[in-house]
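Think of it as A, B, C and D in the order they're written, each chain with its own count starting at 1.
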Amino acid sequence: MEKKIGFIGLGTIGIHMAQNLIKSGYHLQVYNRTLSKADELDPAYVTKCQTPANAAEGVHIVITILSDDDVLKEITLGNQGIMEKLPEHALHISMSTVSPETSEHLTLLHEEAGSHYLAAPLFGRAEAAEARKLWICVSGDQHAKDTAKPVLDCLGQGVIDFGESAGGANVVKIAGNFMIMASMEMMAEAYTLAEKNGLDRAQVASFFGSTLFNVPIFQNYGRAIANKQYEPVGFKSKLGYKDARLAFKLSQTSQTPMPLVNALHSRLLSAVAKGWGEADWIEAIGRGVSEDAGV
Amino acid sequence: MEKKIGFIGLGTIGIHMAQNLIKSGYHLQVYNRTLSKADELDPAYVTKCQTPANAAEGVHIVITILSDDDVLKEITLGNQGIMEKLPEHALHISMSTVSPETSEHLTLLHEEAGSHYLAAPLFGRAEAAEARKLWICVSGDQHAKDTAKPVLDCLGQGVIDFGESAGGANVVKIAGNFMIMASMEMMAEAYTLAEKNGLDRAQVASFFGSTLFNVPIFQNYGRAIANKQYEPVGFKSKLGYKDARLAFKLSQTSQTPMPLVNALHSRLLSAVAKGWGEADWIEAIGRGVSEDAGV
Amino acid sequence: MEKKIGFIGLGTIGIHMAQNLIKSGYHLQVYNRTLSKADELDPAYVTKCQTPANAAEGVHIVITILSDDDVLKEITLGNQGIMEKLPEHALHISMSTVSPETSEHLTLLHEEAGSHYLAAPLFGRAEAAEARKLWICVSGDQHAKDTAKPVLDCLGQGVIDFGESAGGANVVKIAGNFMIMASMEMMAEAYTLAEKNGLDRAQVASFFGSTLFNVPIFQNYGRAIANKQYEPVGFKSKLGYKDARLAFKLSQTSQTPMPLVNALHSRLLSAVAKGWGEADWIEAIGRGVSEDAGV
Amino acid sequence: MEKKIGFIGLGTIGIHMAQNLIKSGYHLQVYNRTLSKADELDPAYVTKCQTPANAAEGVHIVITILSDDDVLKEITLGNQGIMEKLPEHALHISMSTVSPETSEHLTLLHEEAGSHYLAAPLFGRAEAAEARKLWICVSGDQHAKDTAKPVLDCLGQGVIDFGESAGGANVVKIAGNFMIMASMEMMAEAYTLAEKNGLDRAQVASFFGSTLFNVPIFQNYGRAIANKQYEPVGFKSKLGYKDARLAFKLSQTSQTPMPLVNALHSRLLSAVAKGWGEADWIEAIGRGVSEDAGV
């Protein structure tokens, strides 16, 4: 039946996406490393699977939302992976933050196998995922994009098409995460400068967040940075570091010197080296700036 | 009479401020290095003055909006400067982007002379000045802030009070200009990365400007950066470099290491070294990133 | 017979090493991508081979001196590669500048095949290679180091043992190349600073090279940098960039933030992006600093 | 009498210089903030003075060796300063590490007063000062250089002439101190990289110090950095930071972007911000790199 799809990855974002797909009437064949996570979903619409291959069996679409390139490749190509059971002509919608190289590589392998791959990374934290407010970037084959559209429309407030290249959407996602990190760093520097000059960090953050920079990224991250409010952990520093590495690597492969990417990469590398990998990336950046300044 | 004030500095921003003060019923004693600039103002409400001292003579308020610390000090303390004629108890509202040290220094000198000084730097480009949409930051003596309030309300959409310190408002202004520059640099890097990976700079800029970063700074500067549209010149690189120096100096005096300030300072220093000082700071940053990447 | 060894890689350094081995009485089975390069060697002591496998056939030692990790892996593991014919118990002495990961990987593969691998990277340019003045770093299995010793003694003025780890010597080599690059960058910056302050670059370079920094690296590179003498090309920028990437990658994998490595990586990445990949790395650095300064 | 000269500044270097001048037969009119320091000198050849003016009274040469620009200006121009008593035609030999601007400024003021100023900064730590092994850089008026020569020859192993400009020698000194700091930073990064890859820091330092970088700067600082031996304090971080500021300022005024200067400036600024200002600059750099790497 048409409305059955595979769904792999019940992380912070994935779980809300799965719920929204169920609300839209889809039945999900779910795989997750910790499968008990699927108990949060309505069992009437869920088939729990022991392997990625089982999740991909008999569906025309399988969605993956995973932590990094290596996990995506293992889930797709490894033993009991998606490719072992994905039907011919079926589509793999890959929503993880991965390098464009990985998308190019998987696109080729899917083509060889008679199936399809579509890069569809997204912007938004858990609350946005829950509220169907994600922004989803896609690029690749037109037919794949057409097939994916109705499914993606259930997940976000917009699907933006960045052309025919297999990895273009991944480039946009990596660029965007860099811009978010750079926004956090600039606020941490500015508010620490204000603090060391006798001003109230929170007032300065509030001013910028309600005037020149009145968007949620500056408002929400800005409040956390100003108040040195580093918990609960929303997005781990080690994942932020992974994103910084992706941006750095892309700057290498495309020969684009990017001084701010360098600075952010150093910031997050140092955070991980200091043992803050499990802390929120707001802490990696905010505390990093503060400690360098001796406060 | 109450409604007569001194006004010094008819630059890109100053000219609109003067017009708005006139619209609000003020009569201005105007001084400008190029005094013919005052011909753009309604002569019924303007007295042209040959020196800063004359502009300050007999008023209870004199406003300065000048290019840098040195000019402000010269206009205030130099031969035929404000201090020679400013009446006792009168208030000097200083709206230029200058260092907090300069504000502290001038506050002391005004106090010694029996007059007052108020730092009141602003955010906004020429269009915002024209539309009374500036954001004005103030800090210092409460009485000075109270006296300035009705005048400043004629110029912007908000006056924000950053406390009692003489230079606090200048710190906020410097921090804000750094954040604007950092926003430009991050966009230039991100959009060049996109370009070198085969994407359309303008589409990427449009996406970010209408989603995660939907504020004018990212929209307007973003469009110019994406399109490599560097003219007409709105804000000169040499002034941007001055602002980067102010931020750098503040990071030194307050012992706040700021990696992004370093990066921006280098970017603008290099622009000036290459002879682009008269070009718009969008060009300094955008073209700088492009040239480093060989495009 | 004992004195026959395989030799792969007749580049700028390799050709002199081969000549010195011949002078020491070795007979070489030579492979090089451009095999005609072997015509420079005494034919009485050379067997030209059409493949790496042939060069490794029947010898107890094969030496490789190649441009990067990928070439080394292809020559060793590829079709007609060393592993196809290298005898059991034979030793592969790997003198290229490669990552420690590559050495660890090849060590394992050699062990599985019953042969041995030794990392033995070197310091010194062509003249040092010719004069048997190279410094050779080794690390790995003790037996392998003992076997290699008499051969390596024919090539340099010292063999330094950095312990048992497969890749330790590569780490030292990568660290050393970073230090050389950083020395060049610091001179380029210092001498350009001198120039822009009205001093004679060459005199300043001569002063430092004969006092505080009186070692060949500072003297020879210093003279070239001071005189902007970028030809003939000794070591290509694209190879320098490769070394910067190795250093950067090592800083990532070992979680060691290294600001100067960042700066050098950016410098060489930008040089390659600007199309200077075939120019000497002295030019990449020297001209890079000059252009940023507008001279 | 010819052999009487003024001498101001009995710091770590100054005290040895004073001793060597006495050994060469000079009688010194000494001023030091802590005058008891002069008790270390042979009283037969010393006149203790209560003010800089007294030290300069009646001599044809006065030497200053002080901590920074501000102290030099105060000692020279302040109340009871040198200028109050220095005879006409006398020469002020300024051996402190100061900006070229200060030398230009003092040269003009001396000229107006009918006396002379010569920038003569030096390279070498206390042991070198004691052993008359300093390198002394001079620039300025030829007659001043001729007059100073016999005195300077008593203090070092070489006097190098960098031309006619008042501040040229200061530029060389600032460039050299930057090169020393950059050498320390590159070693700290390289040896920490080695450590985190399982190698012995000290062995790596010993290797580079006896081969490619066999000069005292790399050997002595290298040993201290490798062994994390940060005491006794030879040169304070806050003075190192002052030197980094001088280099940075010079890069600004001469429009020379210098990425390594940026990195060093940040390193030392952060050390001072963290409260390490009184620690040796080896600690500022060595410990800074280690802490960023979490070791």
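Quick note on the criterion: a residue touches a chain if its C-beta (ideal position, glycine included) is under 8 Å from a C-beta of that chain, and two chains touch if they have at least 3 such contacts.
Note that the structure is a prediction, hence the values are computed from the model and not measured.
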item	value
Label of the chain whose CA centroid is most distant from the centroid of chain C	B
Fitting chain A to chain C on CA atoms, where both chains share a sequence, rotation angle to nearest 5 degrees	180
Shared interface numbering between chain B and chain A [over half = same, under half = different]	same
Rounded Å distance, chain A centre to chain B centre (Cα mean)	38
Whole-Å separation of chain centres (CA-atom averages), chain B against chain C	53
Residues of chain B touching at least two other chains	251, 255-257, 259, 262, 266, 270, 273, 292-294
Partner chain D, residues of chain C touching it in the complex	100, 123, 135, 137, 158, 160, 162-163, 165, 167-168, 171-172, 174-176, 178-180, 182-183, 185-187, 189-194, 196-200, 203-204, 207-208, 211-215, 217, 247, 250-251, 254-263, 266-267, 289, 292-294
Residue ranges of chain A in contact with chain C within the complex	245, 251-252, 255-257, 259, 262, 265-266, 269-270, 272-273
Contact set on chain A toward chain D in their complex	270, 273-275, 291-294
